[in-house]
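Everything on this sheet refers to the single structure shown next.
In order of appearance the chains are A, B, C and D, and numbering begins at 1 in each one.
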Amino acid sequence: MGISRRDFVRTTTAAGALVVSSGLPSRVFAAGQKTVKVGMNIPMTGDYAPWGLPGLYGCQIIADDINAAGGVNIGDDNYAIEIVSYDHAYDLEKAVQGYKKMVSEDDVKMVMMLGGSTVGAIAKWAERKKMLTTTLLCSDITPDTPNLIATCESHPLYNVTGVEWLAKHHPEVKTAAIVTNNDAEYGLQSTATYQAAFEVAGIEVVDVNLHGFDVTDFAPIVSSVLAKKPDVFCMATSFYVTPLMEQLYHQGFKGKIISCTLDYYDEIIAKTSKEFVEGTIFQFPDFDDPKLNESGINFPNPGDFDAKFRKSHPNDWSAVAWEYPAILLNWIEGAKQAGTVEPQAVSATLRSNKNPAFIFGGGKWWGKDLWGQDNVVVGRWPVVVVKDGKARIQEYGSVSGWLDKHAGVLTKYMKSHGLRTV
Amino acid sequence: MELFLLSIVNGLIQGGFFALFAVGLVLIFGVMGVVNFAHGELVMVGAFTIWLLHAQYGLSYIPAIMVAIVLVTVIGLLMERFLFRPTRADPLAGLICSIGVLFILQVVATLIGGDGPSKQVPPPYQGTLVLFEFLRIPYQRVFSLIISVSALGSLWFFLTRSKFGWALRAVAQDREAAALQGINTNRISIIAIGVGAALAGLAGGLVAPLTNINPHMGHNVIITAFIVTIVGGVGSLSGAVLAAVLYAMFHTFMTVYFGGTVATICGLILMVVVLIVKPTGLMGVRISE
Amino acid sequence: MNNTSTLTVQNVVIGVILLAALLAVPHFLKLYHQDLLIYLTINVLAVCSYRLVTLTGEWSLIHAVMMGVGAYTASLLFIHFGLDMWFTLPLAGGVAALVAALLCFPLLRMTQFYFLIGSFAAGEAIRLTWIEFVGVFGGTGGLTGVEPPIFWGIDFIDPIPYYYLSLAIVSFSLFILYRIENSRVGLTLHAIHWKAALAESVGVDAWRYRALAFIVGSFFVGVAGALKVHYLGSVSPNQASIGFMVFILIWVIVGGYNKFYGPIIGVVVLTVFDESIRSFEVMRPAIYGIVLILSILFLPLGLESIPGKIKSWFGVGPAPQDPPLTDQ
Amino acid sequence: MAILEIKNVTKQFGGLTALNDVSFQVEEGEIRGLIGPNGAGKSTMFKNIAGFSIPTKGTIVYQGENIEGKKPHAIAEMGIVRTFQETTLFQELSVFENALVGSHIKGRTDVFSAILGLDKQKQKAAADKVRDVLEFMGLSERQNQLASELPLGSQRALALAIALVSEPKVMLMDEPFAGMNAEETNHMMDLTRKVQESGITVVLVEHDMKAVMGLCHYLTVLNFGQVLAHGTPEDVRNNEKVIEAYLGGTK
């Protein structure tokens, strides 16, 4: 199973080589067809690879589908989509080098990135080259980054919906404890958001436990948190969910569990028990979820995508598997409306749309109050709960609705952690 | 009070694990004068072996651990023969060679397991030992504590009661004097790295079901091992065991009462303080003037 | 040490050709490789300053963190006070030197293995401080938005001007490092390395000289850090991790640390090599590891010793000796 | 007048007493021998005088000043310079550079002067001094060779040269004749005498009895860390206790 994937990685990364994946149909281009290149400057090796590589696989599936169907009509031209990838391994120097290469040498029309310090590092170049760039972490947006947008994942804002749902369906919970990795890009952002959401929901936060990336044993961390007897155990992290869940299980935690992600939850069930994981709340659905077929969802055939992905990459599904594709689809829509693939025009068209086609619907542009630019699309976001060993969407909460009422609380907690706000 | 008891148990379990790999590092350093930077990767290889054989191919846990130990020992012996022995005159060259090995082992693990998410091994011993309602220890951890204590016990027995153990300690204290007394230092080096690597393999096998397994996991292991080694005294095996347990307790209690990051910073500061106050560590012997 | 740097025709010709090549090379490269060239130039300063620290025979593991100290200093000065690179560069070096001076008291009580590990621990503690104090240092995300200067109408954000600028600064720094090494100070450092006790017996205060090497080395790597951050635009704790430190160590040792130019050869050859195997992607570290081991086993004096070896094969020069890297 | 006074010095390592209440005085301008069987504490005494080790008890007075507890480099600066057992040189440096290190006290410079070349005058003086001493030691022709390439006799001479360049008042020589053949020994004895004639007080630890008896003006005999006897070579040769100690120990 390792080998085919390895070959795939190698071919896609070879000197930013053209990715024409195994799917032969993509080679059958219509006469006179042009190619538009879209860049993915993401981590494909190292610790952050799980938040890069699955996205590349996902986008490849989408691009292959589009190309197999004859490409996409933008303006007067018909285009094939080509994904150009560069592995920056979450290294600042490499991220900037890869970005400049894509923009200056590969002639890409949009660059998708994971976010965090790597986006901070390229932000200057995005403005200089006026290149449309996307991130999954909307906290990357600053007053100086008009070309940086977050059109899909609005980490960490969506976390409010899970807390809202929890408070509504489990009014008995009074206290919560938050555990996360102590980093400014992911953990602290989520922590601030959860603190704000709990405050709004009337749940008292009795402990915030921050730990480094060097933890090998979560037993003491979990023990110390459980000693505060919280009703809710909240994981504002994606990195250490499995070992934390395992410890909660062994230390006999009986309360509610809420988490940003629950990637590979079947493995967690294998390490704990089905009963224990049951009822865990998080924010990222599987794509075979029936509720994704409802109207208002802006993602073509989620079930089909899910099947294709799990067939070609059975062990690699993570949240980014559909997030980068959603951004890609969003961009294609924008380019169609703009009638061109030129970054500035697409960017302007996307942002002039008061009701952008957000993946879960209900989208609107937001962000000025917190980060200085309305460059984040917020809208509905799914609250996912494990039911009978399977992740199922319970409802779509409204991120925008919450922000309209409580953005001030969020700002307060962001500031309390030393995080940047306008 | 409950939390206190629980933390002691957690600290002991963690301490046993720290001791397993720190003792190996000390043994190799003491006998060969080489800082084996790849020691964390030896633990990683042990853990990966469990993932591959046990979790992927369904081999039982205990045989998988055996294979892990043998495999890691073989890697250690190869390192001794082809890297450390030729560069013996020069400890720094040995260190750089071990960094080379570190790179190679990480890549091999990546090629086998892929770059994707961290690997998980379902615990072979399910269930939890409930001593009191507040004192619950997963059987997997009980197992790992028993095994690490008995491994360290056997090592102690070997070092104090056998001829080899005696020779090994003699070489660790003074290589030249030992050679003059007719001890075959090459053979002792082989035993040292063999035992050290085997313990690392065992540590990897024990930790596999308890943690995230990925090709880079050796990094945290080696940092902890350094701290333990320094605190315990570079040339002292009993110092390493004592320091492992003390440091694990220290880290556990700091984590419980002050948080994880603070615990790590304090651990590093503790190490620097020990270096300043007693550069030879808690049990270290003064190297002759 | 007592060098007789003769201004022969041969040397002048070689110098002119080298200079011309250094000035011409970016014009033959695309943007991606121009960037690489700039980082390479800066890394040359990092390895050469590291070599100064190692002249006394002590190998530290804090040099990468000192480069980070320089980068963070420059970033903070730029972001909060709008100071231009002309000011941040010396100040970054100064702060790195100051941090080094303070660290001398605990660290220089140790030697050899203890110093190696002690310096590593001190470096990690500094790095964790950057991570912990999010408000000041930006946590794991680090600091962004640092810019190069615009001067004489030249925007140094473009790679070629910045390359020339770094080339000038690095060359000047190397000249100073070279002067130090070939002065009495350098002789004393060498003397401490080979026989500290003998040097002390004729009045050398070994502690002071080890401190001097550590502080001056840290100053220049601080400058290198500032130079890097003004081009790259951001700095994060990750950049100062043990990973980068290991690379500095490798560059110096594989290049050959016995000669002034050894580390330069090391960083240049290995960077070019590393980039040339980029298409092997995941395999790359392993290839690197194998090359590392082979060079230690078969070229213990580093790449720098190859010409000498070739000469001795043909019976032209003396057979090179293989002294150990550290004292016994 | 005594240039160096050792007063009741005791040195203990762990449970071992290497020196036990040792006292003696060294007169200015003499060649003093410090002899005794192996393990008698001679080298330990040297280390304590030169500051490489600190006495557990007792004092060491040099020119009327207590120097105990001072660092080796500070003691060197005051004028006490030691040489080492076996051959201790900067093997990787040339003969000239080796001797130049010896001129540290007079020739040292700060890093800025070094960069800007402000210390030219000083360095020239140091180099001249080095050349004089090498000439004096008969090493002039070899000054560009690596120290490791020299024959044993010349290596010892170079070790002496390094010490001499620093212009000491007292020179502590640790077994300068060890491993030498008769010819080399004679040459070394001549050199030592020349050193003494130039006004430097010499204290030497030595096993070679022929050299000791021929060279020293006065001897101090140590045994098991205690002073066994003082006296001229003639006195010591006939001292019963000394004969017994030597017959009981090594020859």
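One rule holds for everything that comes next: contacts are C-beta pairs under 8 Å (C-beta built on N, C-alpha and C of every residue); 3 or more make two chains touch, one makes a residue touch a chain.
All figures in this text were calculated on a predicted structure; none of them were measured in a lab.
Asker: Could you name the chain whose CA centroid falls nearest to the centroid of all protein CA atoms?
Answerer: C
Asker: For chain A, which other chain has the most distant CA centre?
Answerer: Result for the farthest chain: D.
Asker: With chain centres defined as C-alpha means, what is the inter-centre distance between chain C and chain D in Å?
Answerer: Chain centres of chain C and chain D, defined by C-alpha means, are spaced 40 Å apart.
Asker: Once you find the CA centre of chain B and the CA centre of chain D, what distance in Å lies between them?
Answerer: 48
Asker: In angstrom, rounded to a whole number, how far apart do the mean CA points of chain A and chain D lie?
Answerer: Distance between chain centres: 74 Å.
Asker: What whole-Å value do you get for the distance between chain A and chain B if each is reduced to the mean of its CA atoms?
Answerer: That pair's centroid distance is 37 Å.
Asker: What residues in chain C touch two or more of the other chains?
Answerer: 128, 131-132, 282
Asker: Could you list which residues of chain A touch at least two other chains?
Answerer: As it turns out, chain A has residues touching two or more other chains at 6, 9, 45, 182, 212.
Asker: By residue number and range, which residues of chain B touch two or more other chains?
Answerer: Those would be 110-111, 115, 223, 261, 264.
Asker: Taking the complex as given, what residues does chain B use to touch chain A?
Answerer: Within the complex, chain B contacts chain A at residues 2-3, 6-7, 10-11, 13-14, 17, 110-118, 120, 122-123, 128, 130, 133, 136-138, 141, 207, 209-212, 214, 216-217, 220-221, 223-224, 251-253, 255-257, 259-261, 264.
Asker: Which of the residues in chain C come into contact with chain A in the complex?
Answerer: Contacts found on chain C: 30-32, 35-36, 39, 128, 131-136, 138-142, 144-145, 147, 157, 232-236, 238-239, 278-282.
Asker: Taking the complex as given, what residues does chain D use to touch chain C?
Answerer: Listed in rising order, the residues of chain D that touch chain C are 50, 52, 71-74, 76-77, 81-84, 88-93, 96-97, 100-102, 104-105, 107-111, 114-115, 117, 119, 123, 126-127, 162-163, 165-166.
Asker: Inside the complex, what are the residues of chain B that reach chain C?
Answerer: Touch residues, chain B against chain C: 29, 35, 83, 86-87, 89-93, 96-97, 99-104, 106-108, 110-111, 115, 219, 223, 226-227, 229-230, 234, 261, 264-265, 268-269, 271-272, 275-276, 279.
Asker: So in the complex, the part of chain C that touches chain D is made up of which residues?
Answerer: Per the stated touch rule, the residues are 1-2, 176, 179-180, 183-188, 190-191, 194-195, 197-206, 212, 216, 323.
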